[in-house]
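Note that subunit A is present in both complexes that follow, paired respectively with subunit B and with subunit C.
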Partner chain A sequence: MDIVLMFRFEIILAALILAIFIMSLRGFDTNVKCFLNTMNVLLLLNFIAGWLPLSEGSYFSDFFRTNGLIVLQKNIINLGLLLISLTSYAWLEQSKYRLEFYLLMLSSIFGVYVMLSSGHILMLYLGLEMSTIPIAAMSNFNLKEQRSSEAGIKLILSSAFSTGIMLFGISLLYGAVGNLSFASVIANLHPNVLTLFAFAFILAGFAFKMSIVPFHLWTADVYEGSPIAVTNFLSVISKGSVIFVFLTVLYSLFGGLKEAWLLGISIVSILSMTVGNLFALRQQNAKRFLAFSSIAQVGFVLVGITAASTIGSASVVYFVLIYLLSNIAAFGVISAVADSTGSESLQSFKGLYKSNPFYALIMAVALFSLAGVPPIAGFFGKLFLLTAGMKSGLYVLLGFAGVNLVLSLYNYLRVVKYMFIDDNEAHLAPLNRNRQLTTALYICLIGLIAIGFVTPIYQYIDSLCRF
Partner chain B sequence: MNSYELSALLIVILPALSFIVLGLFGNRLSNRVSGLIGCASLVTTAILAIYVAAGYFFDFGLVGGVHEKHIALQFQWLKFTENLSIDLGIVLDPISVMMLLVITIVSSMVHIYSLGYMKGEEYFERYYAYLSLFSFSMLGLVIAVNIFQMYIFWELVGVSSFLLIGFFFTKPSAIAAAKKAFIVTRFADLGFLIGILMLSYNTKSLDFFTIIERLTQAGSPYLANFTATSFMGMSALSWALLLVFMGGAGKSAMFPLHIWLPDAMEGPTPVSALIHAATMVVAGVFLVARLFPVFAISAPDALLIIAYIGAFTALFAALIACTQTDIKRVLAYSTISQIAYMMFGLGVAGWGAENSEGFTGSMFHLFTHAFFKALLFLGAGAVIHAVHSNEMKDMGGLRKSLPITHITFLIACLAIAGVPGLSGFFSKEAILAAAFHSHPAIFYVGLFTSGLTAYYMFRLYFRIFWYNPVPEHSHNHEGHTWAMNIPLIILAVGAALAGWIPFGSFVSADGKAMELPFHLTFSIAPVAFGLIGIGIAYLLYAKKNDVPDKIASSINALYKASYNKFYIDEIYLFITKKVLFNLVGRPAAWFDRTVVNGLFINGSAEATVATSRAIKPMQSGRLQSYTMFFLGGVLLLAALLILKFM
Partner chain C sequence: MDILSLLLVFPVITALGILVAKKDKVVRWTALSGSIVQLFLAIGITAYYVSLRNAGETGQMLLESSYEWFAPLQIYFSAAVDGISLVMILMTAMVVVAGILVSWKIGKQVKEFFFLILLLSLSAYGFFISTNLFVMFFFLELAVIPKYLLIGVWGSGRKDYSAMKLALMLMFGSALVFIGILGLFYFTGAQTWDFQEIAKMHIPIETQRILYVLLFTGFGVFTAMFPFHTWAPDGHSSAPTAASMFLAGISMKLGGYGCLRVATYLLPDAAQELSWIFIITASIAIIYGAFATMMQKDLKYMNAYSSVSHCGFVILGIAMLTKAAVTGAVMQMVSHGIMTALFFASIGMIYDRAHTRQADELGGMLKQMPFIGSAFIISGLCSLGLPGFSGFVSEMTVFVGSWERTGVFYRVATILACASIVVTAVYILRAVGFAIWGTVTNKEYLKFKDATWSERSAAVLLTLGILIIGLAPFLFIHLIDADTTSIVSRFIAVVGK
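Entry: the complex of A and B
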């Protein structure tokens, strides 16, 4: 029983994947509405099952481990999965390959679980790859669009490249330590040329997945080319899960190189915040805009990571949760607008408030959350990241973070201005609203308002981080 | 909870309730009803505030002859870590009780006045909802027990100010002004937030009184730690306090963050009276006053900087006010100048009975200023209501058609000019005397400024009510606007008499009663300057003539510089538009277009023909450049780490 409880996330997911296969054999997916609703219900059950009583421990000589924090991280991922599935309802209804979409998405999530639970670098690597490769196929989903194929091929090639670099780093690490299980790496890691090289290469591999500058160049193209649902998945699930793992990698795996990684992380953090915000200034495509915005957001996460303590990991997990809700809400609105106007340009948001106050308000809340305007949750998220950053005493980094806060405010306000103040010559008709999207948006809205004010949420995360 | 504490709680809650009711059901209520709801709730809070103030100053607040702080209510709201818990509560001490009085009285006057002024406006009920929201947030700000509570209400105040400035949202200039105010003050608030983080990190507390205690007691380890590190000759504590002050300077429109306030006059005039004259803009002064013990005891260097910024701003804004032709802008710059007066009043004060005269003077001026400046704005509103213009050239000779406005406006002008017997005289005297004793240079700046103040105020007065001959068939414009007249009269009484309050026995830095020294010989100079200012204004503007134009053209350069507000806005525009956009934004965009976007994303839109040609270089070329970046990044990073740590 214990083992079932420990593996319950993976078991349920595998069962879901199997169920999809069976559905396709029985031709069940031809009834579009029924299929999509079934999937949503299944994902909801999956999310609820995540809250079953947990059981901690490790299996297979530490290849697989789990604890309260890991379970929480998987639950956050599950929430994101459910919300993305709900927001992409309209698009999936049109798409021919909805079954494959779910199949690939769930496979990717399976990789994420493996990665989160890994206690050995090889498992970590396997999980990371397993979670990336299906996304490359997913971003190629708009088969008729050249940009979509371009996004797919770009993602797979550059991801292969980064994987190569990372594997090289892992092999160096193996050379230095002689074993790849977390425990022995932690015990035997000392700063020397070899391990520093290994660290730089492994860092680059992770930085690629989180699109940290200067390893971010693929991001905007891939975000722009992929279908909105996939972009959403990339920016939220794939990024969030790698951030979670990155915490373990830095705090325990490379704990012995703390001095070195503090410097490295500070530099890429400053670069990411600044470059992300500056490039977002002039973007006209909504997805490109959010691509650069997410680069800047990850830069902020890194500020919190530098704390290297409980408050560091607690603030990061808390922020990722908020970031997930903000981004899903923003992408949800973008998909609604893009579905009816056929354009992803920010210009098509002009006058949105007049024609669709509901969407405009949700979008405004999401953007204000990303900008960190009180009293929306994003403000508290940023506040804790900065407070955590204070711990490390890197005042230059904090100074950059401060300036970037203002810069990002300008970026997000620009879009808000489009929606609320500018007029649209081509008057926007009221957009279609389907129940699924509306539900997801309401969940995000409630979350974005409540998470900042409901103290137990942070306290719960904080308590899980003190193990 | 006794009746005073309950009243204090009600003072905060009533406006919030009124906001909720008007916000949710406003569109179903008639204008009349929603206006009455707003007025009723605010008048009630004003009565409650008077009750609480009487109780505090004469009864429960007075412990052994000293006004002690009294925590009426406190509970934990958010607890994040041991160090980061945020309390909400209500503190009653001399300055917060005084602010409660000021805010509720001015706000209720403005609520009543607006019944007449905003009559027939679209979104009338929304206007009242915003006003209530503003009153709620401002009240929450002044009774804050916790610096973070203050910050939250501080932001709420900013939001409601944003909403009210942009109330005429069909006017592009109103929207631009609202945005400008929001962005400038948000920028300043960033400093405030960082300051809060530094203070809380070093004192392990967010509670005002814990912070003050830990940073003022000699031998406190927190204080020693905080002052141990220094940067550019000032301790970390001074920097933190200056960052906090930066937030205050944004809200209180100190140079160089003053640029939003004149533009904020785009909002409805009663709003200007409430927010941009009497209450919100003094939040910065209040913030410094709240942390005054820390400033005075542990960081006198930061306080000195505040004094200089205040003195400079006072003079600077007064110079600009002399040449403006939009009457609301004259008042706006006058507000900046007067707030700067309060700021340097705090700046020249020190700790201890006699030395803290500047503190009491500054609070006194805050109190009297609220009356006469609100009155001036409301009077200006009545004028604008009558002539439908903000420009001086459309006015003149209005004394017969607006008799009540005329008399009350005159009283306010006399008060602000510092004519003996009226309120402004007493408070200004206290500030100047404090400056004279500690920083004579600042005293002379203040003295000269008070002459300028008298000049530009009477320029305004004569230009509106005299200058042109009274039109022959002038009829009374005021008969039907009693909602507007009553607040004018009440405020005029306040502006005339508020100075006679023995303010020193109620409000002082340490709670002990103090006598504000009054020397007949000392007040000769300020009064003389004031009278000279009034005299010059009389000569130039009492009757229509061409002397002012001649003078303006003879000192053309200075006149123009002042008229154009010393080009500060242009400098900001230059920095943001030209420097930031061109030097940073443009290259970034160019990089994005050419390197990242390549030629081919843009091409692909029209490129069904050139597809094959486009794909080839895209796949080989661009991915190559990506990987180049990637590899370069890795190697640089590795090299850096190895150089640094090996």
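Entry: the complex of A and C
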């Protein structure tokens, strides 16, 4: 029984994937609405099941492990999954390949679970690949659009390249340590040239997945080319889960090299924040804009990661939760606007508040959250990251973070200005609203306002992160 | 529920009420009644505070309360007040009531307007009562978005540019402040955000130097300290009347309060060593602001630049570190808050009718609209420091306090600051002469009606404030006396008085 409880995320997900197969065999997916609603209900149940009580432990000679923090991370991912499924309802309704979409998305999530629970570097690598490859197929979903195929190819090539680099790093690590289980790496890792090189290559691999500068070049193109639902998935689930794993890798696996990685992480953090914000300044495409904004956000996450202690990991997990809600809300609104105007340009947001106050308010809350403006949760998320970063006393890093707070505020206020201040010559008609999207947006809204004030949330995360 | 939290609860309830209300009329009355209740609450709390003090309470800050917020990070919602925060709260409550009355006739997106105004006032109340630096910072930041939207949506002129400039410069200031308070959190050995706790720590002088400059500059941006004053003229002149009143009357005082309460009070050694930097910037701001005002034709720009000059007195008083100077700085904050609100209100009333703010295009306003004209003259006279009004008392106190510092440097700064009064008289009298006296030049102006009931009540309320401070400054000084003493006692060694 214990083993079932411990593997319940994976078991439920496998059952879901199987159920999709059965549905397709029975021709269940011909009734579009019924199929999509059933999926949403199933994902809701999946999310609820994640909160069942659970013991800690590890299986298969430590290849698989689980604890409170990992369960919470999986729950956050599940929440994102549910919200993305809800926000992409309108798009899936018209798409021919909705079944495949769910199949690929759930397979990717399966990889994420494996990656989060891994206790061995091979397992970690396996999970990482499993979560990436389905996304490449997903980003190719607008089959008639060349940009979409381009996005798919770019994603698969860059991810293959980064995997190669990471594998090289892993082999160097194996050479240095002689065993790839987390426990023995932690025990036997000593700072020397070989392990430093191993760390550098593994960092580069992760940097690709998290789109950290200078490994970010694929991000904007892939985000722009993919369907909005997939972009959403990429920016939230795929990025969030790699950040979670990166925490473990840095703090426990390479904890012995802290002196070395502090410098490296600080440099890429400064680069990511600055480059992301500077490139976002002049973007007119909403998806490219959010791509660069997400690069900058990861830079802020890295500021928090430098703390290498409870506050570091708690603030990162807390921030990812907030970032997930903000980005999903923003992409939800973008998809609604893009659906009715047919344009993904930020210009089409002009005068949105007059025609569609609901969407404009949600978008504003999401953007304020990303910018870190109170009383929205992003303020706390971002400032806790900075608080964590100050712990290591890296003044230069903090200085750059301060400058970037200003830069990013400009970026987000630009969109707010379009929505609230500017007039639109071509008046936007009230956009379509479906119940699913509205529900998802309300959940995001409530979350973004409440997370800062419902104190037990942070305390819970903090209690899980004490090690 | 303790009594100080009520100061936050009422604006929140009022704001929610506004969101629920359907008719514009209901929105206006909800906002007005909420803010009037708030004003009486503020007066009540002050009376209670005075009675506690008279009963022999000697704590540094009274009415303390604390709630858990982010306990693992030592963030508690802690509130307490002393005389200085109380006078700021009273001033805020007055300006809010007046601001709402003045915006009575706003026609565009009424609900949103009053909601943002209340959010803005909430941030000021929260800032003045919190004793936890993180919470203080939260409230400081809370004002950024309402300011941006108020200017951007309801403003006039180059509103996009001004709103963005203001938001970004204030964000820059907040970033400095935040890094500064993080420094206080980690490097003072205190591991707490509570400033009363930090005040007890012995902070190494090297740390103090860095943090003092960071914090004073950061808060200084909010006070439009030279050379970070450029947001103020653009922002004030583009903003709608009520927002200008709030910006100049309240928001700039958040910065001054922070300079005093956080930068100077917590880091006394660095303040003694490095306050000369800010004496220089303040002197420049005073002189430069005054001369820049002389060159303006637009009444709002005029008042905005004169605010830069007047807030220079606040910085000067704080940086001089003597008891009289600090007292004067606090008085100047309150006095300028009320006076400038009245000034902007009367300019707004004129603009609403004439649709121009160019001093030379106006004329004969007193004849046509005696009430508005008089309000303008009263605020002008207060601004130039005529005895009987609050401006005289507070500026005089700053000068006396500054003169107590001996040494050529301090004397020169004081003399420069005093000299600016002459310039002030020039521009104020010129503005009054052009716009208010004289005959009506434009036939259109003959149709103007005098102030409405709401405008009248706003002006009367603010004038009362000016007169109370101007005629009975002892009430005011009595209220803040113990607190300025305790702040200044930290510098006694160097300053000598």
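Just so it is clear, the second predicted complex is superposed on the first by the 466 of 467 C-alpha atoms of A that agree within 3 Å, B and C clash if a C-alpha of one lies under 4 Å from a C-alpha of the other, contacts with A are read in each partner's own complex, and residues count from 1 in each chain.
Convention: a contact is a pair of C-beta atoms (placed from the backbone, for glycine too) under 8 Å apart; a residue touches a chain by one contact, two chains touch by 3 or more.
Not measured: the values here are computed from a predicted model.
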Which partner reaches more residues of subunit A (counting touched residues only), subunit B or subunit C
B
Which partner chains sit in contact with A:192 here, subunit B, subunit C, both or neither? Use first/second/both/neither.
first
Between subunit B (first) and subunit C (second), which, if any, makes contact with A:217: first, second, both or neither?
first
Look at A:368 in the shared chain and tell me whether it touches subunit B only, subunit C only, both, or neither; answer first, second, both or neither.
second
Touching partner for A:146 - first (subunit B), second (subunit C), both, neither
first
For A:161, is the partner it touches subunit B (first), subunit C (second), both, or none of the two (neither)?
first
Now for A:418: first (subunit B), second (subunit C), both, or neither, which partner does it touch?
neither
Quick one: is A:323 in contact with subunit B, with subunit C, with both, or with neither? Answer first, second, both or neither.
neither
Quick check for you: in the superposed arrangement, does A:462 touch first (subunit B), second (subunit C), both or neither?
both
If we overlay the two complexes on their shared chain A, which of subunit B and subunit C does A:409 touch? Say first, second, both or neither.
both
Using the superposition described at the top, list the residues of subunit A that contact subunit B and also contact subunit C.
311, 373-375, 383-384, 386-387, 390, 398, 402, 405-406, 409-410, 413, 417, 421, 455, 458-459, 462
Of all residues in subunit A, which touch subunit C in the complex?
310-311, 314, 368, 373-375, 379-380, 383-384, 386-387, 390-391, 393, 398-399, 402-403, 405-406, 409-410, 413, 416-417, 420-421, 455, 458-459, 462
For the subunit C and subunit A complex, residues of the former touching the latter
68-73, 134, 137-139, 141-142, 144-145, 148-149, 152-153, 159-160, 163-164, 167-168, 171-172, 174-176, 178-179, 182-183, 185-187
Going by the contact rule set out above, which residues of subunit B touch subunit A in the complex?
77-81, 84, 151-152, 155, 169, 175, 179, 183, 186-187, 190, 193-194, 197-198, 201, 584-585, 588-589, 591-592, 596, 601, 604, 611, 615, 618-619, 623, 625-627, 629-634, 637-638, 640-642, 644-646
Name, in rising order, each residue of subunit A that touches subunit B in their complex.
146-147, 150, 153-154, 157-158, 161-162, 165, 191-193, 196-197, 199-201, 203-204, 207-208, 214-215, 217-218, 220-221, 224, 259-260, 263-264, 267-268, 275, 278-279, 281-283, 311, 373-375, 383-384, 386-387, 390, 398, 402, 405-406, 409-410, 413, 417, 421, 453, 455, 458-459, 462
